[in-house]
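In the two complexes below, chain A is the common chain; its partner is chain B in one and chain C in the other.
Then we have the complex of A and B:
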């Protein structure tokens, strides 16, 4: 064989192998790209919107204004979908804008979360008594 | 002479491999195109679900008193203020003709199913199709409630 074909067969095999690897790589990469584009969709948009919705509704329903950790955590657990997790820090300020206190709700999410802010005022009668800035994080469990 | 034979065998093998690869490549490409096409359709449904849920939960609709004559509605919204639903607007939406609401929501090619979880009210066609985009929104309506919307085909 070698006397007839020399090293030509070997070179040809390497060429084919390289060609096959390249074609397979291109097909694999295009498949991964197409399939990965399917993953990021409504779920991530829904995650962000759910976080924003929950904070807004907890404000409208007067839950955040209680500044009570037990009440807020209880209400949050009843509103958040089972596959999501949410934490928040509520910073309390007086009407002059001076920082008063901070409340941590649920364990702080460390990674893969979306964050947002919400501001609300607590009233004593018709007069604002305190301001709160809520910094929340929402992610998938 | 022998060199000519070597080239011929090379050519035959290369042709054979190329012919064998063509169906694989064509199949892979068609499969990828099908997936991409499905993703685009799904994305369209998902965007419709997000858009409609935003309009329902965060706007009062247009005209702002559309609930007094649902057939005059240009935009259907249930919330006179952000994420606080109004009972009259919700009732008008639930009573409105299903196909008319689809026209207004601009989802003629799809069906939808709307549900208020705590309130128990529903509207639309329960999901029977293979493709569906589901979104859940937390809203204020007689206490906290959850609005669920599925756009499907």
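Then we have the complex of A and C:
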């Protein structure tokens, strides 16, 4: 009964210690998981929605259809929030769907971005003159 | 005694380990589901973007041939009747249809046959239809299912010199009917104006006496209350602007026929079906 390894106190203490370690681990893991998932979820939704809205506004305003690098970059810089970056590639096609040209707007984002696509048409009077596919990337600075 | 303690200790450890393992598994599956949901939401957003951009292109094509403006409960349609540039419309619609279907990252199905044949527009939420009876590019425009229309205002410009007269061939006035106002002018001469409250259920027929084939306007019908039909059999096109007022309590919008755009991600089993709206 006096043996160190046979004492009830030792077993109880070890049991409590292991229990505490397990509870602490679970609490820590849960906190890290919840905080990180909430943060990344909100960020990703913000990126998606902002990128999508910016490209829609630029289309509605007729800026993308100009296929003018200076005009598009100027308009984009006035729309994009200060903490975000956006790049895009505009692929130009004729109305038969044949590829004609490509225009890079801003330096291509290499990592941690959300990407999307947008189709549009340019008109000359009542006639559709060109079709475009915009592939954009948006990320945080 | 020591043996019994060891068994209890081991059993306790096993139970705790199982608990830890279960919680880890729960965390793992929740995490997997969460990342799968995030991926689905991203795909749904990309499909939504694609649908919006396609709708926008079609709205652009449409607005170059029939100009639709909405001001509260007044909806105006302005077009040339018959539309001489209808071939541009057909070409743009069908070429963009092919382009979108070939270049989408999803499965895109655009149903534009009705759009090309009759270009039907629907005023929502009333369900009033604005169609072209003898194909778009033909000589007849019809507004049907129009019992909720309270007033029609027509502004017509004929590509004619000389006098244009308005003559009622059939007239059915009704104080509880629809207000009908029309102003017609040619390239020269003064404009002619008439305004009456006509029956919605008995037909009234107005003829524009232009000297050539006489354009006609029909208002009201026993089987389609409030109907309006404009027929221009004249070889000269007319600029036709029809404003209809509706008694809607909700916001009014104008749509192409339902489900003209279908975009599907087979991988995520997501489908978006939509009409093209002009609000």
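What to note about this one:
Just so we're on the same page, the second predicted complex is superposed on the first by the 114 of 141 C-alpha atoms of A that agree within 3 Å, B and C clash if a C-alpha of one lies under 4 Å from a C-alpha of the other, contacts with A are read in each partner's own complex, and residues count from 1 in each chain.
Quick note on the criterion: a contact is a pair of C-beta atoms (placed from the backbone, for glycine too) under 8 Å apart; a residue touches a chain by one contact, two chains touch by 3 or more.
On a predicted model such as this, the values are computed, not experimentally measured, just so you know.
Touch criterion met: A:31 reaches chain B, while chain C stays clear of it.
In the overlay built on the shared chain, the residue A:118 is in contact with chain C alone; chain B does not reach it. By the touch criterion defined above, A:131 lies against chain C but remains apart from chain B after alignment on the C-alpha atoms of chain A. Of the two partners chain B and chain C, it is C that touches the larger number of chain A residues. When the two complexes are overlaid on their common chain A, residue A:16 makes contact with chain B while staying clear of chain C.
In the superposed model, A:96 makes contact with chain C only, not with chain B. Of the two partner chains, chain B is the only one that A:81 touches; chain C does not reach it. In the superposed model, A:48 makes contact with chain C only, not with chain B. Contact with chain B, but none with chain C, is seen for A:57 once the two complexes are overlaid on the shared chain. Overlaid on A, the two complexes show chain B and chain C touching the same residues of chain A, namely 5, 8, 30, 37, 41, 45, 49, 56, 60.
Per the touch definition, chain A reaches chain B in the complex via residues 4-5, 8, 12, 16, 23, 27, 30-31, 34-35, 37-38, 41-42, 45-46, 49-50, 53-54, 56-58, 60-61, 75, 78-79, 81.
Within the complex formed with chain C, the residues of chain A that make contact are 5-6, 8, 11, 14-15, 18-19, 22, 25-26, 29-30, 33, 37, 41, 44-45, 48-49, 52, 55-56, 59-60, 93, 95-97, 114, 116-121, 123, 125-128, 131, 133. Listed in rising order, the residues of chain B touching chain A in the complex are 2, 6, 10, 13-14, 17, 21, 25, 28, 32, 35-36, 39, 42-43, 46, 49-50, 53-54, 57, 82-84, 133-140, 143-144, 146.
Against chain A, in their complex, chain C makes its touches with residues 1-2, 5, 8-9, 12-13, 16, 19-20, 23, 27, 31, 34, 38, 41-42, 45-46, 48-50, 52-54, 56-57, 60-61, 64-65, 85, 88-89, 91-92, 95-96, 98-100, 102-103, 105.
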